[in-house]
Amino acid sequence: MSDHIYKIIEITGTSDKGSDEAVRNAIARASKSVRHMRWFEVLESRGTIKKDEVESWQVTLKIGFSLED
Amino acid sequence: MSDHIYKIIEITGTSDKGSDEAVRNAIARASKSVRHMRWFEVLESRGTIKKDEVESWQVTLKIGFSLED
Amino acid sequence: MSDHIYKIIEITGTSDKGSDEAVRNAIARASKSVRHMRWFEVLESRGTIKKDEVESWQVTLKIGFSLED
Amino acid sequence: MSDHIYKIIEITGTSDKGSDEAVRNAIARASKSVRHMRWFEVLESRGTIKKDEVESWQVTLKIGFSLED
Amino acid sequence: MSDHIYKIIEITGTSDKGSDEAVRNAIARASKSVRHMRWFEVLESRGTIKKDEVESWQVTLKIGFSLED
Amino acid sequence: MSDHIYKIIEITGTSDKGSDEAVRNAIARASKSVRHMRWFEVLESRGTIKKDEVESWQVTLKIGFSLED
Amino acid sequence: MSDHIYKIIEITGTSDKGSDEAVRNAIARASKSVRHMRWFEVLESRGTIKKDEVESWQVTLKIGFSLED
Amino acid sequence: MSDHIYKIIEITGTSDKGSDEAVRNAIARASKSVRHMRWFEVLESRGTIKKDEVESWQVTLKIGFSLED
Amino acid sequence: MSDHIYKIIEITGTSDKGSDEAVRNAIARASKSVRHMRWFEVLESRGTIKKDEVESWQVTLKIGFSLED
Amino acid sequence: MSDHIYKIIEITGTSDKGSDEAVRNAIARASKSVRHMRWFEVLESRGTIKKDEVESWQVTLKIGFSLED
Amino acid sequence: MSDHIYKIIEITGTSDKGSDEAVRNAIARASKSVRHMRWFEVLESRGTIKKDEVESWQVTLKIGFSLED
Amino acid sequence: MSDHIYKIIEITGTSDKGSDEAVRNAIARASKSVRHMRWFEVLESRGTIKKDEVESWQVTLKIGFSLED
């Protein structure tokens, strides 16, 4: 049966550089425990503030990866 | 303690037949790695189009299963 | 005054065949207590799982029916 | 520049057979005026009721198609 | 690299005492399989009714825990 | 036909004690006019404030009950 | 026990004059079958179009009324 | 095949008189480029403020019109 | 630096005349404490009912005003 | 003019006891800077976890208070 | 009549550089077929993953442009 | 009592450089009037378009800051 099935996990990446970098960090870390990642979707963009500046960007993603048979 | 606890995972099933079949495929595949599935909820119904026809139906589910003590 | 007024109720239909059949069952049962049903809208599609298969499809509908003067 | 761009339109398909058929009818009709359709997403599932039965299924889709350069 | 990454899981806790107790039960059970839990967020508060009284409170949580490098 | 059908009503319960008590009050009152209640879901938690303190907790529920054939 | 309980119903009012008038019509009609109405909330504002003009305004309301003990 | 298909477009109408007038202006303008308009739905009601008064009402509509075969 | 910054506040205006008048009343009152208001957005339209008629329209707005440097 | 106007602010209260206590703490603190508070609405219920137990409950409220003329 | 009317379209832009670049690409491509674009709003930020890295950023926008009389 | 309380305000920052810069500008400006800012959350990303290019990025944030006792 060739129908594809995907599992979706939710990861929050952080970065002190920017929101796109937080996305990349989340995916890099997720690659240590899941394989065959196919897509992501941004759920939430937040961050912490320290001394009136952005201390860290926190972006929460859904990541979909295909399940092998 | 008899209180029940459930874990919820998110799975996208696909099918070239229809949306209900995509749900069944997602549950069939999930059964290979989780046990005690109890319910599902449809989050999103999408699909791909090829040559002006539905190529595959993609239905994303939340699936709840009970955690054994 | 010819302005029409509708009341909206919420019904969950179930079926072991599929999601469309659950919609039809909800409407069939609702017809026993309300008249002049005009439209429905799907709010939620869920179901129960037993032995790794869909046991029942549960579709929650809003159903609108016109109120007679 | 090889970056792809997609336009998204919204179409309501109807059918007296069922919800999946309404999706297929929407895509078939859309193919008369747009080309290169790639995916769809179900936004809303509704229908009309006549004599206590579903008269027509109405499914509203977003359809994405690629814009050629 | 000191950027923190969090994984988020979804758990439904139940209790016959109340909604806060259902949250505590979910977290207690989750602690058996994940470590470094940092925060939770309530997604949904439901329950079952038996003989006209609340039989069980069911609260669904997102729980975030940090992933160690 | 053994397929079950549920009707869902919306009730706001109030209490000067707390939010869970408002849920219980809503269900207790609903039991005077409907039978076979099966589940509830919290839609909204609000309240009134008087002299800088919570005067009443107001919790709006959906309550599902099965329709007998 | 002085805790108040409210039931909430959903009504669509229509008018050919405007959206506020559709609200008033819905409440006027609801008053024929329920008593002690206390508040309303607009859920949806729609309408039908005929010959390029608004034919009727359709406003769907939640209406809350208090249940007497 | 008699199944009807509708296309849905999104238009923002403005008016300095009021929110219903903004709806009417949107429909009047849309009638210059589309035919067979059947319904509208209000998505968003906004406006601009000048010198502490409403300068213009801006109402965004979805408008559905039937596609001829 | 010429980049503009806006602050957004939330105000509920009321009126016994209609929903647009409730918007105008909210803005008129807000003008007593904030300056440089630029836009509004309707968040919620509600009201109270007395003797089966609308007693007051209550419209909740977000109002944006520019912050001077 | 007797039309009432309300301003709405957003406050996160915390407590190590439970979610209702977090609501009460938010209102108690808000009473130091605003007067004439009339109602609240729960927007979000979260919390922090330490050593596998709830460390603090964090409940975010909208609080409405009337503006005096 | 000087009331302005806007049409809103939905476009997905992609980029291998980042999310802001995907927005710019969407607008650049849209400029080939529509004129008088006035504003955009981000609806959804997604992307594809290949070999554990972001392959393309996909940002879906609403774009509003004014309709000339 | 050591329970922390936070107030949340809503600010729109703008920038002609990009969306992250708009966030930083909003926080920089907010620091002139509030102290002890702790976190932010992106609510909405929009912008204006001029001559077929992004003229300004407009990002609306919730900013939370702790209230001192």
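For clarity, chains are labelled A, B, C, D, E, F, G, H, I, J, K and L in written order, and residue numbers in each chain start from 1.
We take it that a contact is a pair of C-beta atoms (placed from the backbone, for glycine too) under 8 Å apart; a residue touches a chain by one contact, two chains touch by 3 or more.
What you are looking at is a predicted structure, and each value in this text was computed from that prediction instead of being measured.
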item: Shared chain contacts [subunit D and subunit G, defined touch]; value: C, H
item: Touch-network distance, subunit C to subunit G, counted in steps; value: 1
item: Whole-Å gap between the CA centroids of subunit J and subunit K; value: 38
item: Cα-centroid distance, subunit B relative to subunit E, in whole angstrom; value: 21
item: For subunit A paired with subunit D, centre-to-centre distance based on mean C-alpha positions, whole Å; value: 30
item: Shared interface positions of subunit G, touching two or more other chains; value: 9, 19-20
item: Contact pairs between chains, per stated definition; value: A-B, A-E, A-K, A-L, B-C, B-D, B-E, C-D, C-F, C-G, D-H, D-K, E-F, E-J, F-G, F-J, G-H, G-I, H-I, H-K, I-J, I-L, J-L, K-L
item: Residue ranges of subunit A in contact with subunit B within the complex; value: 1, 3-9, 62, 64, 67
item: Touching residues (chain side subunit K, partner subunit D) in the complex; value: 9-16, 22, 25-26, 29-30, 56, 60
item: Residue numbers on subunit C that touch subunit D, as the complex places them; value: 19-20, 23-24, 27-28, 31, 37-42, 63
item: For the subunit K and subunit A complex, residues of the former touching the latter; value: 18-19, 44-49, 52-54, 57
